[in-house]
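Take a look at the structures listed below.
In what follows, subunit A forms one complex with subunit B and a second complex with subunit C.
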Partner chain A sequence: MTTPTRPSLDDPALTIALEHAGIFEPIPMARTERQQEFYTLGDGEMLLNMGPQHPSTHGVLRVVLKISGEQVVDLDPVLGYLHRGVEKIAENSDFHHIISQLDPLEYISSLFCEWSPVMSFEKLLDVQVPRRAEYIRVLTGELNRIASHMLFLGWYALDLGGITPILWSFAERDEIMEMLAAVTGAKLLFNYFRIGGVNGDLNHEFMSRLGDWMGRAGAQLEAGMGLLNENEIFVRRARGLGVLDRETALRMCTTGPNLRASGVPFDIRRAHPYSVYPELEFDIPTRNEGDSLARYLLRMDEVRQSLRIIDQCLHQMPDGPIMARLPRLLRPRPGRAYSAVEGPRGQYSCYAMSDGTDQPFRLRIHDPSFLHLQLVGLLMPGNLIADTMAIMASLDPVMGGVDK
Partner chain B sequence: MDRAFRALIERTFGDLLTGPVRQRHDETEMRIRPGDVPAVVRTLHDDPALGFEYLGDLAGVDTGTDFQVVYHLWSVVTPDWLRVIADGIPRDQPRIPSITFLWKGAEWMEREAYDMFGLVFEGNRDLRRIYLPDDFVSFPLRKDFHLPDDASRSPGGGVRPMEDAATPADAAAATVRRTATAR
Partner chain C sequence: MVSAYWNRLSLGSRAILVLVPVLLVVGAVLTVAAALLLGPLLDFINANLPLGRFVLAATALIVITIPIAFLIIYMELKVIAAINLRVGPDRVGPFGALMSVVHGLKVLSKEDFTPLGVDVPIFTLAPIVVFASIPLTLLVIPFAPGLYGQDFNLALLYFFAIGGMSVVGLMMAGWASFNKYSLLGALRAAAQAISYELPLTLSVVGIIILAGTMSLNSIVHQQAGSLFDWNIWKQPLGFIIFFIAATAEANRTPLDMTEADQELVAGFATEYSGMRFGFFFFAEYVNVFVVSALSAVLFFGGWNAPFDWPFPVTVSLDPGGLGLGLIFLIALAPVVGTIILGLPFWLLSSRISTLRALVTGFVLFNLLIVAAFFGWAFVSAAWVSGLVWMMLKTFVFVFIFVQMRGTLPRVRVDQLMSFAWKWLLPASLLNIFVTATAVSILANR
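Right, the complex of A and B next:
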């Protein structure tokens, strides 16, 4: 056997190999150490392009896989297909206008994208949000969390080849979305939170839908989860897949359910309390396995906790105004503010700088999906190609948030 | 605001601080030189009295005159967010040490800051553009980036004087006004 040759990047043979592998434009030159390492092929290795239009990429994502037979050796996600430059848009918009631009970031759980920037603007302005508004935020936020986790359940099963769960979970999600549509006026991109409160008070339609749903939600959600929780095919497929240990999770800046599934009980609702969460009773579910199954089960545990929170919100909902008194044109005094909320995917945070004008000087949006997608490159090596989507989907990234 | 924590930071870092430790709402803010980032971050992470093992965010900032990199950290020892500002990165030499030796997850956030501001993080082994195409030439979140889109110049869009390449004099004035009030 001849010694394996490692073709360099200006090697025409490699260019041809890349073209055959489905990467149509040959990669010009390695810019970094890591890129050099990735695009240098070892013996028997080849590159395979997945996406940007792949049925299970959860948005528009392209992943270049380096494979050896059926095994993934390494991968390189290529982002930016959904990049809109929200931070730049925000620097050129009025504080009120920004909120509607933030919704499409994470179109599965829009309320959380609005929440952290709104909170940081309130800090810049030193506004006290009325208690009723805070309760409404928590109530609608938790509903949105359940809707998001239900969609995760369906998607995850779909990525693993099961069709039925998404039909069940979409029915659940649709009920919640109809409810939120009744109170916010939109079914997907809510544009509901305002600086100093919320856009509209809870109305009769919302309350009657919610009351109706709460009566059967517990049993209905359990039935949906039961399709997978005790499904032997699913459990054996997901167990031990993509194990993320505690130290790596912290080193990779993981947040949310993915971090808690690795045994770190970090939830911003408790670690750095905001809104009215200190007044509410709920547990932080944690699991130690750190595999795909743990990540899935942890989200299902969170759904149960969210139901508890909604129940308490309904019982403790105070009367009063839903908006603080604020001028139309907001000019916060110069300063900086940072705020973070715990969303269904992890930490959504926002860093806002004001220079005293009606537009932020700098608005930094931090999205958990971005960092979780980075994890895929760490968890994948050694697994089969078919596991790529199984692992990626268990981390639950949403490309709208990744690409901003 | 955690006053005891401010004292702890002042005691621990002393000379490394380039400005007063500021506190507002639930945030504590410290300013350091960009070259000191690895040492400071290492201490924050490893010292058991501090224990900042959770990196909340990494953001690049263009103040109009120079660059900053802003880190947000969380720890059990304080209810505040800790904001570390690496201040005064010169425009013509935008270099700062990377923190990927401690938080590998910062790699993509640094790539993003490179993509948007052209900040070069020394030690990041994958510093290339992440959102924009590789052949993109400028850095869109810099204040001297000129929006090519006419819509942004309309009064409704409200373009900032600092982004208008035709009026650098205004840019300087706006910067001075901002820094005079914000610091």
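Right, the complex of A and C next:
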């Protein structure tokens, strides 16, 4: 039996076969000037495809990097692998159903994805939410914020090559998720907020778990952070990496921790207060450096503030109903309503239009991850391949929200 | 009638029925052949003793890499699990100890895939080149007095030269893989090897100046004595440089640029699968062992004990002089020992049956004999105690490597390079300068 001889790489027939097999990525036909510019290779440059199945692209982002040696010259993010058309789905489901459809947007902090549309529907319907329900929303929301930031800490360290912090932070995150599961019934996609209140009152399991956890949370979170904050390798890699200055941050519509790390103390909880945040005492941490380290440290400061808020919520929690009295079928008057909440990644906002039926005429969802992902085009060029994922992780986008 | 009998047999019985006569015939033939050829064979081995020793050592070193790699993989799984607040493997074998064996079997049973477009001969050879350099470096390391592959005056130079050969294999893998990530990983490997071979080699020049030889065996002999005769006290800076550079040389976190999985998927090994990938994996772990062993040999006294045994032990057991006592030992000691050791169990607990107590006693007796044998070997045979000390020291360093992987993030590639050229290289030159000056001053005084 003879083995078939392999043709050499110079063989045009092999080139065609490889292209057919998809090994040589055919360069797409340039549709815009920008594409033309990007796919024209200079001297010593090459294209490197990262994702959608790369180990550290945070979901299914694909980035085509134009590299010269190890240095990234230019990049082209390719989005849409998680696109579900959620805004269109929302137009065809009634107001109660929409909430569960919006949960998987930012699956890491899904309470905030529910919160802003629920608030806008309440504005459309002129519903007064009971105070206990508002306190429960703040309490569970801040827990979810801590869980999200814990996940950020773990992923960020993992993208820099540290394998332990993610497991340490997951221990805390898992405890929070168990708590939220006790009160909401689900561990990731909670589907908990309702128009006019929340789905269930705080129960014994939640309260006992929360009481246990609050007693040791501070010390344990500090221990997890100490693993990175005092690590010379980590600090040297993160400091001065992907510096986002104040003007650029404002110009690129950055919100949330990424904006505050660039020195702008803008927090919707204080700037446009909603829910019961005016009654609670907390600071808005800001940092002026605007680099990856500042973004990381700022999130850790936010965790401390969230612990403060949770503590106050537990002390000030009023008695009373958790749902406003509402008809089963909701038909708001025709009109528009806008609402925004401060999520762990920035401003989640929602613009709802109603034409008087039980389904919204249009639901526009503003997601911070999409805008933050735009920043990678500004921050990455000039850095090394090793830093591309570190910069992207420090911006903390979630692909579910980007692709919607 | 024969076939009916045959059909009633189980598979194992059939195998025994067939194999026993076959083995008898083969054994008889071999015995006759040995009787005829043993004399000339022994003469040949006696005539070519160095060659025989080399072949034996090379074979032994290739074979011992397997348990060493399994042990280090298991250690890494368990230690990193402990650091990560996990349990780690605990299903296969006691405390999951057979996990790495299962890993090996898994790798063996996977498809050995050759992607389209790779340069097949180089792609196939690369893992072999990477793996082959490791037992070759083990060849010069003295594990115990008299227990080494080869000892010659250029051993250290040979070690670094052969150790650098694995980079050639990595380059081959990266280039032949027809993958951009592999290529980047391979180029990083080459750049890193060039940057870190220099401080690695220069950091041990201080020891060469002190020892006056590059033979590892003589270096170990010169560190004989107690803890304070080890080279670490004379060359602390050299050891720090050596250890950092060795981390890079073994491609371990935080300096594992070549296979940074968050950046380059799996670096040079991206396109490999099955046992070819297994070879890279294997080589990495054995390399950790080799580097740790060299640290122990150069700086921590090799097989020398850290302290002299505080009280003299002389075991003068001459079996031939025992006479009737020997018969007693062989025939009666197991029985008496079993009964004596099993008696407490039988007496103290009514729930233990007589048979069980006897079995427990027998097991305990055997354990005692094994322990006594090893204790006797440790005390009376220099190579046993030497091997034990050497392995202890080596695995302390292996543990440090594993722990570093559990705790530290990865250094960026440009920081890696600038650290090598701006800090390690000048520091190692300074180390050479200070050592040479001190040696010449002390010699002239």
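Criterion: the second predicted complex is superposed on the first by the 377 of 404 C-alpha atoms of A that agree within 3 Å, B and C clash if a C-alpha of one lies under 4 Å from a C-alpha of the other, contacts with A are read in each partner's own complex, and residues count from 1 in each chain.
Quick note on the criterion: a contact is a pair of C-beta atoms (placed from the backbone, for glycine too) under 8 Å apart; a residue touches a chain by one contact, two chains touch by 3 or more.
As the structure is a computational prediction, the values presented were derived from the model and not from experiment.
Q: Based on the superposed arrangement, let me know which partner A:Leu227 touches: subunit B (first), subunit C (second), both, or neither?
A: second
Q: According to the stated criteria, A:Arg333 is in contact with first (subunit B), second (subunit C), both, or neither; which is it?
A: First partner only.
Q: Applying the touch criterion given at the start, work out whether A:Glu134 contacts subunit B, subunit C, both or neither, answering first, second, both or neither.
A: The answer is neither, since A:Glu134 touches no partner chain.
Q: Once chain A of both complexes is superposed, is A:Ala386 in touch with subunit B (first), subunit C (second), both, or neither?
A: It touches subunit C, and subunit B stays clear.
Q: More residues of subunit A are touched by which chain, subunit B or subunit C?
A: B
Q: For A:Thr32, select first, second, both or neither according to whether it touches subunit B, subunit C, the two together, or no partner.
A: Touch status of A:Thr32: first partner only.
Q: Can A:Leu79 be said to touch subunit B (first), subunit C (second), both, or neither?
A: Only subunit B; A:Leu79 stays clear of subunit C.
Q: Which partner does A:Glu172 contact after superposing on A: first (subunit B), second (subunit C), both, neither?
A: A:Glu172 sits against neither subunit B nor subunit C.
Q: So in the superposed three-chain picture, is A:Asp403 touching just subunit B, just subunit C, both, or none of them (first/second/both/neither)?
A: The first partner, subunit B, only.
Q: On the A-aligned overlay, A:Glu342 touches which partner chain: subunit B = first, subunit C = second, or both, or neither?
A: neither
Q: Subunit A residues touched by both subunit B and subunit C?
A: The answer is that subunit A has no such residue.
Q: Can you name the residues of subunit B that touch subunit A in the complex?
A: On the subunit B side, the touching residues are 24-27, 29, 53-57, 59, 61-62, 70, 72, 74, 76, 79, 81, 83, 102-109, 112, 116, 125-128, 130-134, 140-141, 147, 152, 157-160, 163, 174, 177-178, 181-182.
Q: Please output the residues of subunit A touching subunit B within their complex, sorted ascending.
A: It is residues 28, 31-35, 79-80, 83, 85, 87-88, 91-94, 123, 250-254, 266, 271-272, 333-338, 340, 347, 349, 351, 353, 355-359, 361-362, 364, 366, 370-371, 374, 378, 403-404 of subunit A that touch subunit B.
Q: Which subunit A residues qualify as touching subunit C in the complex?
A: By the definition above, subunit A touches subunit C via 6, 9, 14, 17-18, 21, 23, 46, 48-49, 54-56, 70, 157-164, 167-168, 171, 227-228, 231, 233-234, 236-237, 384-387, 389.
Q: Write out the stretch or stretches of subunit C touching subunit A in their complex.
A: 80, 83-86, 116-117, 120, 178, 180-181, 184, 188, 253-254, 256, 260-265, 405-415
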